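Look at the two complexes coming up: chain A is in both, with chain B in one and chain C in the other.
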Partner chain A sequence: MVSFIVRRLISGVVVLFVVSSLTFFMLYFSATSVARNILGESATQAQVHLKEIELGLDQPLFSRYFDWLGGALSGNFGVSWFNSQPVVESIVGRLPTTLSIVLVTIVIAAVLATLFGVAAAVRRGWVDRLLQIVSIGASAIPQFVVAIVLVTVFAIGLQLLPATGYVPLTDNVGGWLASITLPIIALAIGAVASTAQQVRSAVITVLSRDYVRTLRSRGLAPREILFRHVLRGAAPAGLTVLSLQFIGMLGGVVVLEQIFALPGLGFLALQSTTQGDMPVLMGVVVYIVIIVVVVNLLVDLAVGWLNPKARVS
Partner chain B sequence: MTETLAETPQPEAAVRTGVFRRLLKNPLGLTALIILGIVVLTGIFGPVIAPFDPNKADLVNALAGPGTDGHLLGTDSAGRDVFSRLLVGAQSTLLAAALAAVVALLIGLPTGLLAGYFGGKFDSVASWCTNVLMSLPAIIILLAASAALGRSVWISMTVFGVLMSPGMFRLTRTSVQAVRNELYVDAARVAGLSTASIIGKHILFVVRAPLIIQTSIVCGIAIAIQAALEFLGLGDPLTPTWGVMLNEGFINIYGSPILAVWPGLAISLTVGSFVVLGNALRDALEDAPKFKRTKPIQLTPPRTESVQAVDLAAADHLLSVSRLGVGYPQQGGATKVVVADVSFHVDRGEVLGIVGESGSGKSQTAFSILGLLPDEAEILGGSISFDGIPLVSAGGNRLSQGRLSELRGKRIAYIPQEPMSNLDPNFTIGYQLVRPLTRVLGLSKAEATARALELLTIVGITNPQRTFDAYPHEVSGGMAQRVLIAGAVSCNPDLLIADEPTTALDVTVQAEVLDLLRDLQARFNMGVVLVTHNFGVVADLCDRVVVMQNGRVVESGDVRTILRAPREQYTRTLLGAMLEGKTPMSTLTVTEPAPVFDAPVKVGL
Partner chain C sequence: MKFRSRVTAVALLTAAAITLTACSGSGAQPASSDGSAGTGGTLTIGAFVDVKSFDPAQAHIGHYVQYYQPVYDSLLRREPDGTLVPMLATAWEYNSDNTELTLTLRDDVTFTDGTTLDAEAVKVNLDRFRTGNGPDASTLAQVSDVAATDATTVVITLKAQDPALLDYLGNADGFIASPAAIEGGKLATDPVGSGPYTLDKSKTVAASTYTFVKNPDYWDPSLQVYDTIVLKPILDTTAMSNAIISGQINAALLTAKTQPQAKGAGLTEYNYPTDWQGLLFFDRDGTMVPELADVKVRQAINYAIDKETLLAQVGKGLGTATSQPFGKGTDAFDESLESAYPYDVEKAKALLSEAGVGEFSITMPTVSGFFDPALTAGIGQNLADVGITVNWENVAGSDFISSLVQGKYAASWFSLFQGSPWVAVNQIIAPEATYNPFHTTDAKVDTLITAIQTGSADEQKTAAQEINKYIVEQAWFAPFYRPDQIFFTDKNTTTEPQLQQAVPSIYSYAPAQ
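So, the complex of A and B:
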């Protein structure tokens, strides 16, 4: 088990290194006019040149790369080119917003998808058909269109929930809930639909396994077989889909945070992209890849815990 | 969306027209096709039929309502004609989606073919890259790419195509792996076809269908992502696109929310049509007539006479099966009969063999007794009673489940054919033995553990504690079968149903397991129904035998009589096939206690 974790960790570090290096090299060639952008149109050529030296843009590629890598390894991602705020500080300040939306959505999606998926697999018939229709519908409408509809109906039309803004959990629990409800619904619809589909087919597969028949022949109650044996056999498939959903949500929040004006990681990512704020964008990419690696590791561990065979492979 | 389709190769032309016809018959699929047809036509002719210049601002007429001054859908905040912009937007939307799909295919298909066909190093490297690509949030990467390479829908869709290539890769790789070792591919190889032409002719044919479905889905996602990027302001500001229009509408959502409706509808309908089309295609392919795996048995269903409430003769026997019929309803109302008019009985302490070829209905008969037929199966007629308790009668599958669940495990037990697939891989062997003991017999956990270890010793496992703690994948097939036998007899059943208990085992282990069954049968004085295709096993173990063919009983009676003087030609053929050139199994078995193999391979965690 230890070697399993170590191998996954090494693989994760390699992914992190490869992705951040590639992003760095890609962004390097784009940082040509950033000094002019920062200073504005009225700045003289000399001022622009000075700014470029200040930002280190006159340095060759590899010198800048190793500077950045050295800093990153010690947890220092530099400061924003535009507002001089340390990158780590602005990311850490925005993480709670994004994570509270994504984590709550994942929990909701896991519970609902399991309920619907199992019901459709066991009952079949109309429950199953309803799930099929709803999930086709849910996967057909893009997430951000759903979000716009939700804002229009529930915030602007019915005025039930705020259209924009974020209230930290530590300030006011009710306000926090109200501020994240619509983004969560927008994210959850698609996640529930596609996860429920996967749970359904995994449960159907496990139900048809020989050992389920043998367990029935032993006189165990159907409920026990379903909840203890079948669900456990189907769980790895469900977890894998959930982890993919989680990764998708980290991208999805970029658009949702824009629509709901939430000051999260996605907001920061878009802002630094439009400005060309390379240190901030690099920081966001690294943090997101770290989150992805950690989530995948957790899922691998969970699958290993559920399925003894997976521990050795 | 990475679900793979294991498809059997079929006559090409027939399948193609069949699939297309089924697609058109599916109302959702037809609607999707029509919508996509309209979108494509708009993409081609949009710029020509647009009534206004889509970029011509007219601030006097800004935010005009639908129908004003010839503006069919009104104007936006800069006074541009919404309808014209919508028409023109279709073109870039479709082209960009096509670009993403083509890039994904160009990367995913060749790499998937190579990885699936050759495996090895290339496969591991490609699969690793795939996993990395799949674990990246697309929008974040697209943001970085647009910061680095510029704001162009073509650049983002190329990058997005790369991000979507893992889906194509995986689909291709799995399909190729599935057919690589198929006989017809081997035949092609033996016939001297080059690798390239095998891939071209046979393998591309198989992966074609799943790839078309995946392409449709990728197009849908690409349009959604593209619109999202444009909505975020990362598109080309000069091109009128649906995403830009949606952003425009969202900015004015308080003033004229209708502006967001049109592009929102256009995006949702197009994305939805691609997704629905993908699903409908999948359904159409899955409904394709498949090759029948077993020959359908055409029998007239047995007359479902009114079943006597209590068969007087049945009360004397431990198990009594009378005129049993089992069938599987087919599409179109027909029923495929797999067991017809089967009657036999088993007494306490008696071993009855049911012998026949595969497909003769012997396993179906066994599952009927246990009430463990698949959900699709139906009892067509007859009755089964156990120790005077009526278990099964025609149409009463649900009713019988209630009675059977009280008997299963406790009084009627089951030994399956395939040892490895009949233990839950996620639980230790000990747990799987202890749980029924506590549930069915109401033992405490400590009592059940002691009993389970004792049972493991009884079935000849020399280190019971080690097997008790092991997971199923850590023991051999022979050992797993001993565990299953221990589980079956654990609650002292009166009747044991053994379905080909030795078929999946090595010959040496077979003899040991038969010896074990004989010992246990004598020790617990159980009635046994032994399902087998092997007359050697019958001769070795059984008192009486029932010979089945095509779902019917051909002959039944005392083992000696039938072995010496079979009345039916079928029995003679069966016997002849099994004994020809061989000494009967019974003389082969070693009478001294056979060595017991008990070396669980503990694979380190």
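So, the complex of A and C:
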């Protein structure tokens, strides 16, 4: 198990290195007029040229790359070219917003998708058909449409929840919950729908297995078979889907952070990309790759724990 | 049994979440603007941009000034109508040929770190501004020296006259930071000035909420109408509209598309122009598009554009059609030039015929998400009607301005700020102006520019009007209209638009009576 974890961590580091290096080179070759963007429309060309020198944009590619790599290895990702904030401070300040939304959505998706998926698989008939229809419908609605409807009804119409902004959990638990409720609903609808479908399929498959029939023939209670054996067998499929959902949500949350004016990692990534804020964008890429690697590792370990056949010695 | 207990747990958690939300009292978190004048309260403003740096050497005009005004006093203060009044400087005087400006400073001001304001502090700030390569550093390009002649006197020496210098000192250039804080090197995120408020970092989340609290020792309490000012950068126009309609903020700049909803919600609307939009003909000598060298061709394009329809369809009718690039409220403005080029396809065709040009094409840049499709369609159709084909070339938003100022296009649509005549001259007319990439000029323009720069006040005004009339006749540009800035406050708040500024100054807000 330890060697498995070490191997996965090493491959994670390789992935991190390759992805961040490729991003750096791609950004270099698609370089925009970042100095002009920083200084604005009234700056002279001489000022723009001076700013390019200040930022080191006149340096050769590999000199800039090794400068960045050296800093990154020591945990120093530099300072934003646009707002003077240290990159790490900027990312760490925004992680709670994005993770609050994504993690709570994942928990809600896991609970509701399991309930709905198991109910459909066990009951079949109209419950199953209803789940299928609702799931397809819910998956088809774009998140931003749901978000706009939610804002219009609950923030502007009923004024029950805030239309924009984020309240840190440490400031006010109620305010935090209020500020993330609408984004979570917008994000969760699609996640619950697609995960419930996967759970349903997995449970149906496990229910048809020989060992389940054997357990039934031995007189075990249906509920015990379901919770002790079937769910355990179906869980890896559900976990895998959830991990993919989690990674997808890190991208999907970009639009929601814009609609709800949330200071999250997704909006930071979008903004730094459009502006050409290379230090911030590189920092965001590194953090997101680390999150993805860690989530995948945890899911692999959880699957191994749930399903001995998938366990790697 | 286990199943039931788990379901119960989920139900309990859901109920707890709903209860917490309901009990938080911060559901919609209404912004409070509850104080009457001078009695406090909180003012929450939605800002269309995020501050790039609190260092005043990096200060910028327009949307950005509202981030600096709470913390920093300026040397001069601009009233909403543009009149300059004392702030840190109590008096200012030019020498006989306007090449030396003497400022007299207040002697009773201290920065919030305890440092005393004196002439040396002003010198340090002005020197940093002009050499710090900030967005507006070039506005002090004519300054050759700043000298602190005694504790309260600063003398600014110029290489050549600069008619806009006083305006600059009442804007981004004039914010003064504590010299001790400058030495500390953390001004970008920890501003220290002598302004009416200080940044409360414990209630500030970068890129989300900037909270400014009243400076208890401020020398002019009349500028401290609110106890607290909160600036919330909201970069999405729909989110901004939702925030003010749902009561989260008291004031916001909206757009033509979000205006109807805010108006319908009973918010107070303010309309004022700060920009002009239209075509800029860069290649007036015909280097890239030979046809553009002929004034008749440029005039024909002016006649071919249906300004009123573009204003109605793109600007939702919120603005004023015009044919001149200088703004209302400036000395150069001439009411008779507003309709110098009415929409007249036949006249456009006749001019093109007189010029002896056949059908030709112009390549212009367009930026996805910035150029309204109705705008490019309208321009394309109007010009096609007179035999000119527009080839739109897609450019990344971040490369757009660079491509213009580097002379990659013969012409382009753009939206430009309308400042004072001297600002406009340096922006679009002078041979070295930012938006004159081909450096085109002629003897008359040069003479008039010199008159604006070096003449007496009356001569400057006359020359500004003449240069406006001349470049309209010569069709250096094809202005379409001046779009209105669409600003809203809630029912508890009032404000007054600031001349030549995208948003009101923070001094102009007050609780509604």
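The working rule: the second predicted complex is superposed on the first by the 311 of 313 C-alpha atoms of A that agree within 3 Å, B and C clash if a C-alpha of one lies under 4 Å from a C-alpha of the other, contacts with A are read in each partner's own complex, and residues count from 1 in each chain.
Here is the rule we go by: a contact is a pair of C-beta atoms (placed from the backbone, for glycine too) under 8 Å apart; a residue touches a chain by one contact, two chains touch by 3 or more.
The model shown is predicted, which means the values in this text are computed figures rather than measured ones.
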{"item": "Clash or fit, chain B versus chain C on superposed chain A", "value": "clash"}
{"item": "Touched partner set for A:45, first chain B, second chain C, both or neither", "value": "second"}
{"item": "Which superposed partner A:168 touches (first chain B, second chain C, both, neither)", "value": "second"}
{"item": "Which of chain B and chain C A:274 touches, first, second, both or neither", "value": "both"}
{"item": "Partner chain in contact with A:259 - chain B first, chain C second, else both or neither", "value": "both"}
{"item": "Partner chain in contact with A:83 - chain B first, chain C second, else both or neither", "value": "second"}
{"item": "Partner chain(s) touched by A:73 [first = chain B, second = chain C, both, neither]", "value": "neither"}
{"item": "Listed stretches 255-263, 327-335 or 489-497 of chain C, narrowed to the one that overlaps chain B", "value": "255-263"}
{"item": "Overlapping contact positions on chain A, where the chain C interface meets the chain B interface", "value": "148, 151, 156, 258-259, 274, 276"}
{"item": "Of chain C, residues touching chain A in the complex", "value": "2-3, 7, 10, 17, 20-21, 23-30, 50-53, 55, 58, 60, 133-139, 141, 188-189, 205-209, 232, 234-236, 238-240, 242-243, 245-248, 396-399, 401-402, 405-406, 416, 427, 434"}
{"item": "Residues on chain A engaged by chain B in the complex (per definition of touch)", "value": "1, 11, 15, 18-19, 23, 26-27, 29-30, 136-137, 139-145, 148-149, 151-152, 156, 194, 201, 209-211, 213-222, 224, 229, 232-233, 244, 247-248, 250-252, 254-255, 258-259, 266, 269-270, 272-274, 276, 278, 281, 284-285, 288-289, 292-293, 296, 306-309, 311-312"}
{"item": "Chain B residues touching chain A - in the complex, by the definition given at the top", "value": "1, 3, 28, 128, 132, 134-140, 143-150, 220, 224, 227-228, 231-234, 246, 250, 253-254, 257, 260, 264, 267-268, 271-273, 275-276, 279, 370, 372, 405, 408-410, 413-414, 416, 418, 421-427, 432, 435-436, 439-440, 471, 473, 484, 487-488, 491, 603-605"}
{"item": "Contact set on chain A toward chain C in their complex", "value": "32-34, 36-45, 47-48, 50-51, 54, 82-85, 89-90, 93-94, 111, 115, 148, 151, 155-156, 159-168, 172-175, 177-178, 181, 223, 226-227, 258-261, 263, 268, 271, 274-276"}
